[in-house]
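Right after this note come the structures.
Paired with subunit B in one complex and with subunit C in the other, subunit A is shared by the two complexes that follow.
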Partner chain A sequence: MIGKSVIRKEAWDKVTGRAKYTHDYLETGMLHAKLVISPYAHARIREIDTKKAFSIPGVRAVITGEGLPLTGEDLRDRPPIAFEKVRYHGEVVAVVVADTLVQAEQAARLVRVVYDPLPAVGSPREALEEGAPLIHERLGSYQKGKYTYPEPNTNIAHRTKIRKGNMKKGWMESDVVVEASFSFSPSDHIAMETRCATAEILPDGNIVIVASTQSPFMVKRLISAYFGEDVGKIVVRTPLVGGAYGGKAPVQLELLAYLASKAVGGRKVSVWNTREQDMITSPVHIGLEATVKLGCTTDGYIKAAEILFLFDGGAYSDKAIDVTRAAATDCTGPYHIENVWCDSLCVYTNHPYASPFRSFGHCEQAFAIERTIDLLAEKLNMDKLELRMKNAIRPGHTTPTQVLLNQSNVGNLPACIRRLYELIQWDEWQRIEIDARTVRAKGVSCSWKTSTIDTDASSGAIITFNPDGSVNLMSGVVEIGTGTKTILAQILAEKLKMDINDVHVKMEIDTQSTPEHWKTVASRGTFMGGRAVLEAADDVIRQLKDIAACILRAPIEDLEVGYGKVFLRDDPSIYIPIKDIAYGYKYPNGNAVGGQIIGRGNYILRHLTPLDKETGAGKPGPEWTVCAHAVEIEFDKRDCTYKIIKAVSVIDVGKVLNFKAALGQVMGAMSMGLSFASRETFLFDQYERVLNPQFRTYQPIRFGEHPEYIADFIETPQIDAPYGARGVGEHGLIGMPAALANALSIAAEVPLNQLPLFPELIWRTKKGEQYDSF
Partner chain B sequence: MIRAPKCEMTLMVNGEKHSIVARQADTLLFVLRNYLGLTGSKPGCLNGDCGACTVLIDGTPIKSCMILAIETIGKSITTIEGLHDAPIQRAFVEQFAFQCGYCTPGFIMNAHALTEHRPDADDETIRKWLESNICRCTSYREIEQAVKSVLAEGQKQE
Partner chain C sequence: MIPFDLTYHRPSSISEAVQLFEQIQKQGKTPLYYNGGTEIITLSRLNLVFADAVIDIKHIPECRVLDRKQNELTLGAALSLTTIEEANPFPLLAKAASEVADHTARNQITLGGNVCGQIFYRETVLPLLLADCDVVIAGKSGLRQHSIHEVFDQHIRLEPGEFLVQIKVDPIYTTMPHIHIKRRKQGNVGYPLVTVSMIKKERDLRVAFSGVCPFPFRSQAVEEQLNARHLPIETRIVRALQQLPEPILDDVEGSAEYRLFVLKNILTDMLIALEEG
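On to the complex of A and B.
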């Protein structure tokens, strides 16, 4: 069962149009909300006039921001609806609730808002300049988490410091030093299903939320925390989710749906983002400005790293703080460096606010680090893979946050690099002129990632039986497209030695009956959910053996469970079918013992600690997945256009649980990484308004533009993970931007340190300074 | 404000006649989802850019967000719910050609029409047909393999 390409459990629902997502549950009598959003990036709200909106028939309420509590996961800096001022283009200023969506849209256009525009901040460096407009004047007064360090009277929401080793010593030992700066603007996740939520408040005070979210359990906790509702009265349901990639980890529309329902006497209200609003109103992919300085010996051993990450967290900090912290924890990339200084700042700007994006700060920092590694190799005149191999992180080394690594928690990066070397035929050529116009080049990168999530995050699983001996599996992992629920079914089928078709998976989450899984993020579903399932399976096995021991008149120690039976290990012909005991056993005379067998299991992360404020020392996650990547491109020297020919990722996954599903995760992530790196960005005007919140102007990779993909796996088991499997949902993405930029830099013979890599950017960089501004 | 009156219309969807009362300004996508409960067609962008709402109108793939319901009176509409046991559906399942599944109905309708209309399609034809749809989860290779497997099967049978 393990490793087999089992077809995902909801496959047939998805190819027949029967799979239902949040916004597919349409209901007569349900009201619809439309968000009124700010056309300015930074402005005072002088006046909101809602009277005219009520002239549209069917309008039931118009809600504005007054009197609402501040929200935010690490730092409460965000009013759910803007109050007094707006801080980004697209921010919600009012919510109109009406009988139909059409009426709500018509009325929303009639809400008159008068603004006094303020100077807008367009980048982290600008935000940190002396005299820059303050985006949060009251930063010092915000309620904050214990490990969040805002710097009042600045635009710094949080700073993570990494101080490892002795920098002075590091620079002393360094013969060769390179330093470079990197940048890219915010972009977006563009999940095909836009974000949406419904809320209903029942007469007994129970609040029912249905939402397209990665965090149903967090929705429940946060609504309770923000609005003082009893947490037990909040029920969150999440059906299938149409893509998430981190963009559905933050909690936003759920709060608006709740407020809207409250404003109309608890009736059910639906809030649904149009594409345009989904791209700018809801959280986006973070931007970054970085400076990296590396020093190494003449034979290529890196001795010192000084890294500054200025993340563009946008107008509100929410999950961005965590993203910037995660980038810091793995700031060096997968290399053994003893002396590390890193400051990672979550900086406020007047851009849409940031959320996690598949790889949680890692593809962003990897772009900066891996470009610098290439620059270092060039300066050393050393082979780019050889330099990476020399410094590859290995068991016995420590991470930037000073976690000691072993074979189980870091895997085998050198093996990944060796496999990559073969797959891309690195020794044959790295740059080759095809003709006068055309160059081919290969770029490489390495990456790693651990999960920076709550130290007490947990996951639960429940198994129940059906009368035919088949089982039902309930887990809090949301099916966001990664197929994790099918993987969990495989884990269970393997453990109970049963047919995968007899494992029935409950796809929907209902926080009242589904055990909690912290959040479906950070490639943690298989590890944590899998551990919980294994424990629940053990629980079931124990119960089955207990009752079978009594009926078979044999000690528990002699029994085995599998193939639908409990049987004697030494004589399998003596057995009892599971279906005869799963609901209790009935003796011939009618007496019965036992009862329905219900298995429970949970898993809580262990030995994790928060990072020390001054040094960053701490253990952010249980394991690191290490990877090596390459991209081969064909570059046209005349017009700076290029074609991506081939992309390769080699990942130490520990163990492949479902081969095709794993390939799909890696290749899909690679595609997303290449799309981000080559063409995805928000374009801002001088007032920091987003000019391209549409697929017509924001164009991801489409069918036919895809290169050849090669995904390959190394299997160094993570001993504490189910069957040794490491997280793999994000990792194909991490090294793609860097590998593409490295390949193009080699082809164009000019350092390309910005994203996305539009041909125009390459042309401008080649032309030099006078063309170097937009 | 001028309010467009609603009107009664009869649409032929998946071989069944449906009489509904809708606004003249209602798109086919809106009518399919909100009046007929056929939520397989997805509102990915409402701008004709993503293809998640693709249906067949008289056998031709059309983005249902870009056409008014009243324009389809007298035509035969097929949605993903009307597609039964089409080879492309099985191919999508077997080739792992979807993950979250949200773009899948649109992709399948488009790809199904491709395999019906152009059983001999070459790479360039496949690209031209399918570049109108966006998938954010897969690498597109899986979808390409699914389409090609159906085309190959069709050619084998001829």
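On to the complex of A and C.
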């Protein structure tokens, strides 16, 4: 069962179009909300006039920001609806609730808002300049988490510091030093299903939320925390989710749906993003400005790293704080460096606010680091993979946050690099001129990632039986398209030695009956959910053996569970079918013993600690997944256009649990990384308004534009993980932007340190901003 | 979602369509002729198009004609871009059509809609301008036929209540040497950074552009410079580009400088190919 390419459980529903998502559950009598959004990036709200909106029939309420609590996961800086001022283009300024969506939309257009525009901040560096407009004047007064360090009277929401070793010593030992700066603007996740939620407050006070979210359990906790509702009265349901990529980890529309329902006497209200609003109103993919300085010996051993990450967290910090912390945690990339200085800042700007994006700060960080590694190799005149191999992180080394690594928690990066070397025929050529205009080049990168989630995050699982002996599996992991629920079913089928078709998976989450899984993020579903399932399976096995021991009159130790039976280990012909005991055993005379067997399992992360404020020392996650990547491109030297020919990722996954599912995850992630790196960005005007919140002008990669994808796996088991498997949901993405930029820099013979890599950017870089004018 | 109510009308003849338009307008309402509808649907969502009524002309037989006669090729305004691609009666037009939007959208987008649309690229008009085609227009006083140059200047110039019924092309233009190059900001789908169509009629080159200015155009001044064969190609291109009708576009697809760079390269490739070919 382990490693088999089992077709995902929800596949038939999905391919026949019958699978249902949040917005498919429409009900008569349900009201609809429409968001009124700010056309300005930074402005004072002078007046909101809602009178005209009420002239539209069917309008039930218009909600504005007055009197609402501030929200935010690490730092409460965000009113759910803007109050007094707007801080980004697309921010919600009012919510109109009406009988139909058409009425709500008509009325929303009649809400008159008078703004006094304020100077807008367009980048982290601009935000840090002296005299820059303050985006949060009252930053010092915000409620915050214990490990969040905002700097009042600046635009810094949080700073993570990494101080490892002795920088002076590091630079002393360095013969060669390179330094470079990198940048890219915010972009978006572009999940197929836009974000949406419904809320209903029942007469008994129960609050029922249905949402397309990665965090149903967090929705429940946060609504309780923000609005003082009893947490037990809040029920969150999440059906299948149509792509999330981190964009559905933050809690936003759920709060608006709750407020809207409250404003109309508890009636059910639906809040649903149009594509344009999904792109700018809801949280986006973070931007970055970075400077990296690396020093190494002449024989290529890196001795010092000084890294500055200025993340464009946008107008509100929310999850961006965590993202910038995660980038700091793994700031050096998967390399052994004894002396590390890193400051990672979550900076406020007047851009849409940031959320996690698949790989959580890592593809961003890796772009800066892996480009610098290439620059270092060039300066050393050393082979780019050799330099990476020399410095590859290994058991016995420590991470930037000073975690001591072993084979179980870090896997085998050298093996990934060696496999990559073969797969891309690295020794044959790295840059080759095809003809006068065309050149092919290979770019490489390495990456790693740990999970950096809450130190007390946990996951639960419940197993129940059906009368035929088949099982039902309930886990709090949301099916966001990764197929994790199927993997959990495989883990259970393997453990109970039963047919995968006899494992029935509950797809929907209902926080009242599904055991909690902290959030479906950080490639943690298989690890934590899997551990919980294994514990629940052990619980079931113990209970089955208990009752079978009586009936078979044999000691528990002599019994085995499998193939739908409990049998004697030394004589399998003596057995009792599970179906005869799963609901209690009935003796021929009608007496019964036992009863329903319900298995429960739980897993809580262990030994994790928050990072030290001054040094960053601490254990952020249980394990790292390490990877090596390559991209091969064909570049037109005259036009500066290019084709991506091939993309490769070699990942130490510990153990492949479902081969095709793993391939799908890795290839999908690579595609997303190349799309981001080659074409996805928001474009802003001089007032920091987004110019392209539409597919007409924001064009992700399309089928047919993709290169050949090659995914390969190394298997160094993580000992404490289910069957040794490490997280793999994000990792194919991490090294793609860097590998593409490295390949193009080699082909174009200029350093390309910005994203996305539009031909125009390459042309400009080659020209050094000097161009012919006719 | 279209955030306003509208009535949908499906006339089966030209006269019925024209009458409907007039009637609706007389009631003080705003009618729109509706062909593929992609632009009406997508722009009304954004409040950039409004109508009380749409009059669907796709079912009028004359609008659906695809007729290859010896001396005249007739193309109905309601033919979808994919129909034109597949039937391929005019290879340069088929090529231009095949580069618009994506395949799913091209099943819906019509020739007439692309030529008459609000979105200013209107790339299928480039081959039509080069072929000196005629357009058949329906209005209150019946059908009129004109050279495209009389009714298309940056965009189609129609009187209220008129609509484009057919395009008539002299078949000699469908067999001339031609090139169509579309370059985007990135990738194979999307709006043009620059699109250029060129044909060679006897010794002379004709050229039309989209994405260079906020309208498609063919310019005699540009063509004169390009056809000054006694000069080297590079000089001709430089001089031709000095004749552009307006400053070059500078927008989210690309800067003016970059567009110039791309345009120069495209023209160089085209001139070499067509003059040597």
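Operating definition for what follows: the second predicted complex is superposed on the first by the 768 of 774 C-alpha atoms of A that agree within 3 Å, B and C clash if a C-alpha of one lies under 4 Å from a C-alpha of the other, contacts with A are read in each partner's own complex, and residues count from 1 in each chain.
Assume a residue touches a chain if its C-beta (ideal position, glycine included) is under 8 Å from a C-beta of that chain, and two chains touch if they have at least 3 such contacts.
Just so it is clear, the structure is predicted and the values come from calculations on it, not from any experiment.
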item: Superposed model, subunit A: greater residue contact from subunit B or subunit C; value: B
item: Which superposed partner A:S261 touches (first subunit B, second subunit C, both, neither); value: neither
item: First, second, both or neither for A:W763, with subunit B first and subunit C second; value: second
item: First (subunit B), second (subunit C), both or neither touched by A:V102; value: both
item: First, second, both or neither for A:S183, with subunit B first and subunit C second; value: neither
item: Which of subunit B and subunit C A:T160 touches, first, second, both or neither; value: neither
item: First (subunit B), second (subunit C), both or neither touched by A:S445; value: neither
item: Contacts of A:R18 with subunit B and subunit C, given as first, second, both or neither; value: first
item: Touched partner set for A:R696, first subunit B, second subunit C, both or neither; value: both
item: Contacts of A:G704 with subunit B and subunit C, given as first, second, both or neither; value: both
item: Subunit C-contacting residues of subunit A that also contact subunit B; value: 102, 106, 274, 696, 701-702, 704-705
item: Parts of subunit B lying in touch with subunit A, wherever the complex brings them together; value: 1, 23, 33-34, 37-47, 49-50, 52, 79-81, 83-84, 89-90, 92-94, 96, 98-105, 108, 126-128, 130-131, 133-144
item: Residue numbers on subunit A that touch subunit B, as the complex places them; value: 5, 7-8, 10-21, 23-24, 26, 56, 102, 106, 189-194, 240-245, 274-275, 480-483, 660-661, 663-665, 667-668, 670-672, 694-696, 700-706, 708-709
item: Residues of subunit A touching subunit C in the complex; value: 101-102, 105-106, 109, 274, 276, 638-639, 641, 678-679, 683, 691-692, 696-697, 699, 701-702, 704-705, 756, 758-760, 763-764, 771-774
item: Interfacial residue positions of subunit C with respect to subunit A in the complex; value: 1, 3-4, 45-47, 102, 183, 185-191, 238, 241-242, 252-255, 257-258, 260-262, 264-265
